[in-house]
Structure formats: C-alpha cells, structure tokens
Amino acid sequence: MLSFRCDYAEGAHPEILKRLTETNFEQLDGYGNDPYTRSAKRKILEACNCPEGEVHLLVGGTQTNSTIIAAMLADYEGAVSVQTAHINVHEAGAVEYTGHKVLTLPQHHGKMDAGELEAFLAASAADPNKDHMVWPGLVYISLSTEYGTIYTRAELAELQAIAHKYDLPLFIDGARLGYALASPACDFTLADLAGLCDVFYIGGTKVGALCGEAVVFTKKAPKHFFTTIKQHGALLAKGRLLGVQFDTLFTDNLYGRIAANAIDRAQEMIAVLKEKGIPFFLETPTNQQFVILENNYMEALSSKVGFDIWEPYDATHTVVRFATSWATTPQKIQQLRELL
Amino acid sequence: MLSFRCDYAEGAHPEILKRLTETNFEQLDGYGNDPYTRSAKRKILEACNCPEGEVHLLVGGTQTNSTIIAAMLADYEGAVSVQTAHINVHEAGAVEYTGHKVLTLPQHHGKMDAGELEAFLAASAADPNKDHMVWPGLVYISLSTEYGTIYTRAELAELQAIAHKYDLPLFIDGARLGYALASPACDFTLADLAGLCDVFYIGGTKVGALCGEAVVFTKKAPKHFFTTIKQHGALLAKGRLLGVQFDTLFTDNLYGRIAANAIDRAQEMIAVLKEKGIPFFLETPTNQQFVILENNYMEALSSKVGFDIWEPYDATHTVVRFATSWATTPQKIQQLRELL
Amino acid sequence: MLSFRCDYAEGAHPEILKRLTETNFEQLDGYGNDPYTRSAKRKILEACNCPEGEVHLLVGGTQTNSTIIAAMLADYEGAVSVQTAHINVHEAGAVEYTGHKVLTLPQHHGKMDAGELEAFLAASAADPNKDHMVWPGLVYISLSTEYGTIYTRAELAELQAIAHKYDLPLFIDGARLGYALASPACDFTLADLAGLCDVFYIGGTKVGALCGEAVVFTKKAPKHFFTTIKQHGALLAKGRLLGVQFDTLFTDNLYGRIAANAIDRAQEMIAVLKEKGIPFFLETPTNQQFVILENNYMEALSSKVGFDIWEPYDATHTVVRFATSWATTPQKIQQLRELL
Amino acid sequence: MLSFRCDYAEGAHPEILKRLTETNFEQLDGYGNDPYTRSAKRKILEACNCPEGEVHLLVGGTQTNSTIIAAMLADYEGAVSVQTAHINVHEAGAVEYTGHKVLTLPQHHGKMDAGELEAFLAASAADPNKDHMVWPGLVYISLSTEYGTIYTRAELAELQAIAHKYDLPLFIDGARLGYALASPACDFTLADLAGLCDVFYIGGTKVGALCGEAVVFTKKAPKHFFTTIKQHGALLAKGRLLGVQFDTLFTDNLYGRIAANAIDRAQEMIAVLKEKGIPFFLETPTNQQFVILENNYMEALSSKVGFDIWEPYDATHTVVRFATSWATTPQKIQQLRELL
C-alpha cells in the first residue's frame, strides 16, 4: 500500500547497497577503525568546513541523543528543550535513564524561542534556590523540528549566543537535517552549521541510510567519547556498516541530492492537498505536512494510503501527517492525487 | 592483508545483501513491525522449538547484554558471571551504567563452574549481612565463551538447576552461539537450548550478519520490553534491517551452515598450526584458537597476517588468538600455512 | 533575629532531646534493629490504623522521595506530579538521577486536579506511540502542598480511584503532613489516610524532629526495601536516632499536638497580617501564608524579621512566605505584629 | 547485654547532646548555612592544617562514599579498591547504582598494596582494549580498614604518588579515621593527612556522633558539590544537627580524645583475650580485634556478650570481631574478662 507515513519506510539508497556489496569481503578492522569510516569522517568534516571538528558514527537517533547528552552533561545538569522535543516525549525517557532531567520551554510549531530561552536561563541563574535545582547544562533543538519547521540562520545564531552567554553548548538533533538544508526556505548551509552550534548530527536513518547518525563535534569531542559510545551500547563491531553508508552519502553530495528529492515531492504534495481542498494544520518548508481530516473521511482513506495520525483536532476532525522522503517518486504523488 | 584477527572482519553473507537489495523499496512499517521481522521471529521460535517464547531483535552485543540484564534485574540485584565475562571486562561498564553490579566467580577457560556457583549463592543466602549487599539476580554465561570453550548439555542443565534453585534466571550470551552449536564437541542443539535457560541470544554480528542479535525469552519477556529497548537506544527505526537479516539466516538453516564453515576451517587451522610446531595455549572446539608465539617471531608475522594479541605469556612470549569465521575460505588457511 | 522563614529553623521538640539523652548509653543494635525503632513503627501503624502496613524510617525528604519512587517504579516508568511538585523543581533532579522521568500536570495552588489526572492517564493509555514513551508508574502528590494547601478526603479518594483504575499506586509526600492533619479545614485523620493511598510518609524534619521521615506502605513494602534504603545511602547506622524521635513523637500524640501549635499560630499570624492591611497572595489553612509586599517595604522589613522570598509579583511587588512551626510561640506572633 | 559488636552501639558523646540541647531553640538557616556548621568547617580545616581545602558535612558512610565517588568520576570511570572494600561488598551496590564500576585488587588484611596498584594501572594504560573498558578514575582506600589495619605514612605517600602518576585522585574513607589516628602505631597526624590524599572524610557516626561524616577536599571540591549532595538525598534541612556535632567534636580535640579511649580499651581487651588463651585471627593496632572461637564455645558465649560473627574459620571454628569504641569503659573490659 502506498504510504506517506514517515520518511523511513524504504531501505537505503541503492548506491549504498551497491557499495556495501562491493566492499563486503574486504577484511576490515572493527569498531570504526576501517578506511571507509575514516574516509566518511574526512568527507563530513570537509562538507562542514570544520577541519578541527571530530566525527563519530552512531546507529540511531534516540541512542545518539542520549549518548551525546550524557557525555556533555555533568551529573547535576539537565538538557533544556521545548516541550515537544523528541527527547522529552518519544524516546521512552532515555535521557532520564542516564540520570539527567529534561528542562522544558514552550514550543512554537516545534521551535524554541530565543527570548524564552534567555528568560529561562536568566531566571535559573537568579533563582535563590538554584543550588537545590537541576542546573541547565546544554540547549537541545531539533532541525528540522518534530513539526517539520526550520530555524533561520539568525535564529540559530541568537540561540547559540544565548547558550554561550550562559556557558552552555548548543546541540542540534539533525535526524532530519538533510530535509532542513534542502528546503528553499533554509538560509544556511551545512558548512555554516558548524559555526552555529557545538555539536550536531547528520541523520542517515531518515535520509537514505539503513541506519546511522553522524555526530559532529564542531570543536572537540568529550574526553573518551569512544568509551562512552561503547558504554551506551552504541558501538557497532562492524563499523564499516556505518562507514560505507556515510562515505557513500558524502560522495558527490548524494546526501544533499536525495534530501532535495523529498522537498521537491513535498512541494508537489502540498499542491495536490490544496487542489483537493484539504485544510492545512501546518504547512512547512520541509518534508512533513500536517493537514486536518474529517474523521470518517480519514477512516476511509486510511485503507488506501498510509499516513501518520498526529493528534485530535476537534470532536470530528484529526490532524494527520503526510511525509515525503528521499525515496518518494513523482508517481507516488500522482497516486496520492488519485486517492484523495 | 590476510586476517584471522576476529570473526567480524567481513561484511554479511551475500544472501543477506541480496535480500536487503530485493526488498529495499518495499514501504514497510518501522520499529520491527514489518513482515520480515515477524517472519524471522517465527522461524527462530520454530528453530528453537519454543512456540511460547518471545523474540526481540537488537543491534549489537554490549547493547543486548545491558538491555536484557537491566530488564531482568530489580534495582537491588546484580548479575553473576565469571571474572573474564565480556560484561565484566570489555563492555566499558555498560551493566554498571544501568545501576547494577557484576558479581564475579573464578573462570575456567572462560567457563563458570556449577559447584562454585552453588557455593557462592549458598553463601550469599546465608550471609548475615546479605541485606546490606547486592542480591544475586541472574546468572550470566557466554556460549561459546570468550575463550572459545563450550558447555556440555549436562553442565548447562546443572547451572540452570542451581540458578532456579535460588530463583534466578539463567541468561546465555550467544554472540558466538552459532560457532558453539556447529562444533562437533557440542552435545545439544538450538532446539535444546530453550529448555536449558531463561533467555539467550543468537548472535548475528559474528555469524554472517552486518549487525543484529536475536534475543529469545524462552518463557516470557519482561513487561514492556519494547519500551526498554527504546529507552536503551537499541530500537532501530528501520527494523527491516534486522528482520531481513535474521529471516535470511533462518531460511534453510543458513545460520547453521555458515557457522559450520568456521568450525571446519578452524579444524584445518589447528592442523596447520600443529604442523608448524606452534604451541597451543588453548585448543578449543570452536572458531577461536589460542597459541603461544615468541615475541620476535610474532612481531615479524604481524606484518603479514592479522591476529589478536591476547595477553603476555612470559617475558619473551605472547598468547595470541587466531579466529576463523563464516567467511573464512580454505584458500585463506592455505595462505596462513605458507606464511607461518 | 525573629524568623518566619520556614518550619525547620529550630532543633527538635525538647521531649525528643530528653529521650535521646536518657537512652544514650544503652547499647543497641544498628540499622533500625533496636527496640525504639520497633516501638515507633508499632505506634505509627496503630495511629494509622493500618496493622498490615509496613513502616521504614528514613532521614530526609528528598532522599525519601527518590528512594520510594525508585523502589516502586519499573525502569520504564515515571512519576506523575504537578509542575510545582518538590520532586520536579527543588530536589536537584534526584528522581531523574535514579533513571526516572517526572511527568507533569498543571498545578492549582500546588494541587493536582483529578480530572486532569484522568485525562492525562487516559490519553497516555490511548496514545498510539505509548510504547515509545515513559509509562506513568505512580501518582505523587504532596500534603500539605508546596503552597500550604490541602486536599479534602473526597479529592484524595478521587485521585486514588483514578490512579488505581490505571493500576498505579498513589504516593503522598507528607513532609508537612502534620500541618495538614492539624488544620481545621482538614476533613480526614491520619487513621483515614492509610485507606486513601498506597504509600505516604509522616514528616519529622518539619514537625519537631531533628531529622527523619516515617514511610508507611499501607499494604506491603516493595521487596527488599531495606536493601534499597541502603543502596540509596539512606540507612542510618544508628537507627536509634530515628527510632527514639518517632517513638517520642507518637507517644501521647506529641506529633499531633505540636503540629496544632503551628496552625494556631498561623491563624493568629493571618489576623495580624490582615490587621496590618497586607494583601494576601494565598491564604491557606495550614502553616504557610503567602502575602504580597511592596519591594522597598520588603527590603526594610527583611532586616528585622526573616521570611522567604517566593516569586516576583509585579515590577514593584514580591510574593513572600511567612511560615509558623511547632516551635512558634504566641510571643513571636506579637513581635511580628510590632515589626510590621 | 554487654556488647562489643561494633563501634556504633551507643548514642553520642554527652557533650554533643548537651550542645544540641543548648542551641536547640536558636532559629537557624537550613542546609548547612548556620554558624555551627561554619564553625565546624573552620575548625576541621585548622585541625587538618589545610586552609585552602573545603569541608562538607554528610550524614552516613555509604551515602558519603557514593556521593564523593559519583562526583569525582566521569561516567566512563570506575573506582579502584581492594576486594574487601566496604564500597565493594557491604554498601548494597550504591556505587554501581550511580553508574560506576568498582575495579578490584587483592587485599592484604584489608589493605591495598602499592605495587599491585601500580601494576594494575600500568596494565590498564597499556591494554590494547582499554577504550572498551572502564577507565580507572580514582583510588579508594579505607583507614582504618575493614580489618582494623592502618597504613603507614610512607605507604600512603606511595599510594598517592602512584595514583597521581596516573592522574587519579586518592580518596580515603575515614569512617574509622579517628581510631586510626589514635593508634600508637600510627605515624602520621590528621594535619599530615591532607597532604597525603585528595579527599578523605572524618567519620563521626563511629566516633561519638549520632550521625555525620565530615568530607575534606584537600584542594578543591568538585563543581556544584552542594547540588550533588542534594541530588544524592544527602543534604539535611537541619544542617545544624551535623554542624553542632562536628563543632563539638573539634572543640578541644574531643574527637581525638574519645578515639584514644577506644584504643586504650582495645589494648586492655587484647591483653584479656590473650590472658584467656583465645587465639587471634588478626591482632590490630586499632579498635577492632579478630579472634578465633570454637563454635560451641562461641554459641554459649553469645548469650552473654555481643560480638560480630565475621567468617567461618574451619569446620569447627569461627572468626569473630570484638570492637571497642569511644564509649567503652574499663569496667566493660573487666566484665568481658569475667565472661570469657
């Protein structure tokens, strides 16, 4: 059945499978100590224009978030995020499992407001009870957000400036970074990003890889981060699986090109949804679109096409998400057009 | 360079890559809710003759060990293992990171002695200070062990009986289970194993998969184990990556057949090593062999063939490990013969 | 200087010091295995009319909260509380440090609304992503609350019914339980409380003891709770320090009598504050009163009498707290009257 | 019944109870922000001749150990101790509960051997798998040890030199520090100790206080250690309870004087035991003495005098411990003499 449920419904870009197959019988050292992983790291640092940075390849998003956060926080610190942040809602408490609180701010279509961040950090620093409270230890945002929205360069710079003013690193969860960067609404590049935060990751799982998230510490990784990865169960024995994938994604800008496909298809999908008169809950510049469906119609439609139920809208309507991906073809958008 | 360093130097069995490629563009639900994962689980339960069991697919060994152990222990409990157990030495304290102590017994070529286990559990239960101490909560063994040795059916039955006498589950780390089962010295089958323990896993990473460990709870999984997997960062969005691999490995007994290759090659390798007069530190019935090399000879050899430095033997000799795998060819054994 | 800053400014009720002194040279077993601890437990269960319950004596509030919560939750569960709950704000993330998330609801003068609890639990149970989320594992309320307010018997019964409907225990943080029970507005007794929740504690630190919180599991304590106490660093070697104190507090209802003093003084203090025309932010039925002071006046007053700065009210006013205690004398209220 | 079971059988030194009573109705700020706590800290730093150090008062030993260790270790580090260390055996896994492994060395009457420490640290640093292993993060010793033995000044200096060579702090658990310092066999003073380690604590619970352990960071406390104390549930609201006790213990060297009583009585007790022909398992220079009793004799004796059963000696004999304390009188030693 046709599905727009998410951006991880297909496997990997065929070039990745081809490279995995071509290199399959080479005998390589484990744990990331192989030439493909080294090459991938080099290419990523080049693409980020961040020669002094450090790259680590992890397997999945929740794992990457909790490993980075635990590595960057002291025991008495927590991560500051918006209420709807993935780490706060949909990661089964993985951050708290490592002993750290998530300190939350209001969200605005999934985004953090710089003024609210500053007010929160100022109030924390001024609180007479601050020694009895969790210390803010880093600022976490996602890009694109859980709502498909993106930050402008100026917004990122402002968030970073505020975070640094309070000596906190800014961490960008880039599980869907490709789709943000490929959006015409995005006014910065991957090469800019390293200057706008302290650590981010380049999501592979949702942008054409079987699995894998490439973490970029823009200055310096936390001490013994390799051991931390191992301790979190995030170290692959066959590191080549991640190395070959990211080496392929960062050859000839495959990552950027396939992300752009998702955005092109999303624009076509928006046009189709509008043509059919389906009201938007939130139209976004990336690959996730949120529309409002009448419940009976939704029920009927769900037998023909996959989408993600987001949240109730009112007694008779529901917000649903349609997502495109690196693998969505123009044909599929046409099929959707016929089914709506 | 020719390598016998470990059993995860190559990628995956070609049939796995073929199946990943064939199914690549099918749009599948995530998080293990796809038909390949379901099929893999079914086939594994059949192979284990354990219809009432429950299978979960995780990514790597350290992750699987700490996830299972944390899920099965109460906060006040620890895991009982031998001193050389992987969880006690080479997992960066992943078990302790989840809050649990590893309680250790002496090792005998990597194996736990049933009498020593019983004595330890009896002493724990009788200790007047036991309420001030970590309670033994499960018994962990590896099969084959870190030293390539295996347990007999009678030994497993005895360990299980003792564990159960003290109300503890027996957990078998099967990262190298395939190589144990394929050994001519092994007097039990995979179908027997479910009756001999409470939970075990079937290692994929070291036996022909890119990654993946199939956990089998022989009776019942811990409550909400899916959420626990997520919380540990061990849940793949593209669960198909694990599903397709294990479905392939458990079709026509591919898993058993490729494990047998490693054992056949190991037997040939033992013959070569003996022919060359290289003294054994430990000759095992599985795919890992431990020999003693004079240090200058070792140094020279290491530029021509890969092996794993295990531990110093004396001032002028070192114990090294040569391992075969599912991918080792008879030609490679011949190459080794010429290099020694 | 005269202080109404909090209810733990003085040491202990003199009877407690007297009994500590009288029993000082008796040689007693440690860790709570002494006759005074046993007697205290017995008297508390009698006062609670809860013969089948189980009592444990811990040292302080934060410690007690995190120990109980960790003992009652599975790893995948969190504690449900209001936003302003002590565990969520002022315990330095002690609950998260044990690996558990605090799931928050809005507060109403510090209280949880039963309807909002039900809506939250119903939504959690119905959430299609619930397996990726922290499971609600217990309901935490404080009594009296951080705002000095109390629940009615009907409100507690409703909260309990909702919690039980979802198979969750109800846990009452009673750091200030004495002051709730002594309030004329309170429509239940300590003997009723055991029927209204699954676990609660009787705060000693804020009601006349040097330290100590008496935890009452109304049905059954979690397995090996003694070991859990030890593991949390909450077990006193000289358990007699807690035993003698609670034995004294529960002899001839000393606990109830001294708590009543705080309430009587609070009523007098309310009258004085009103007489002086000081506007109330929140007038409560217990020992904490919240008033609004003009900032210059507050500054001047603070050199003569101690109070607690709560939060800004507007640009020129501040909310401050005046608290009475078991030790507040009528003379001190008169002194306050003269200083205002 | 007469008891030599432990050194915490009585309450507090009468001077402590007197001071608690005298200061009882002073209204003091909480959480250690009172003049008695400040005075105690000042006196302790003076006694330690460590003006640039920092003192914190915690409640009990297990709590103090796990709080200090967690505060001083990075997540990827563990504590190095001997096998019989209190943290490794009798603290219910409190250190592991904070996420850290205890790495163990052999013990020699409870002591760590400097050569073995050096060999362990050298091997750790040289291990080719060290990135997959827990990093040694601090060295923990107890003084006097769990076996009543003490280190010489030279031994401490050597342990410290080795620890520092590997960039590790040396932590001394001083739950029984008073009894070590008071021993005629001790060749260093409290004032020397600050130069011999990075952090230690002065045990109050076992040396005349109702509770309390005074932690001395000889250089600098870990950042936000106050918050860490709170997070561990180790912060007393009525910090005066600890402040007054340690202020009293460090006035006119009360601490040293009452510890000396235990040593004097222990010497008398040794003489009595020898006079009665009771064989020693371990005669020590401090307040704990270990003797071997025939089992029937032990049984009979146990109805008349309390002692601690340590471990089986052989089939018909048991090792038992007799401990004196700050409160042991010459009369009690005479009573023991008559009962043996």
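For reference, chains read A, B, C and D in written order, and residue numbers begin at 1 within each chain.
In this text, a residue touches a chain if its C-beta (ideal position, glycine included) is under 8 Å from a C-beta of that chain, and two chains touch if they have at least 3 such contacts.
This structure is a prediction, so every number in the text was calculated from the model and none was measured.
Matching C-D against the pairs in A-C, A-B or A-D identifies A-B as its interface repeat (over half of contact pairs the same by residue number).
Remark: chain B and chain C have CA centroids separated by 50 Å (rounded to whole angstrom).
The centroid of the Cα atoms in chain B and the matching centroid in chain D are 42 Å apart. Centroids of chain A and chain B (each the mean of its C-alpha atoms) stand 33 Å apart. Each of residues 75-76, 91-93, 97-99, 131-133, 227-228, 230-231 in chain D touches at least two other chains. Contacts between chains leave no pair untouched here, as each chain touches all the others. Residues of chain D that touch chain C in their complex: 1-3, 5-6, 8-12, 14, 17, 20-21, 23-30, 59-64, 66-67, 91-94, 97-98, 205-206, 210-211, 227-228, 230-238, 240-241, 306, 327. Residues 31, 70-71, 74-76, 99, 131-133, 135, 223-224, 226-228, 230-231 of chain B touch chain C in their complex. Within the complex formed with chain A, the chain C residues making contact are 75-76, 78, 89-93, 96-102, 128-129, 132-134, 309.
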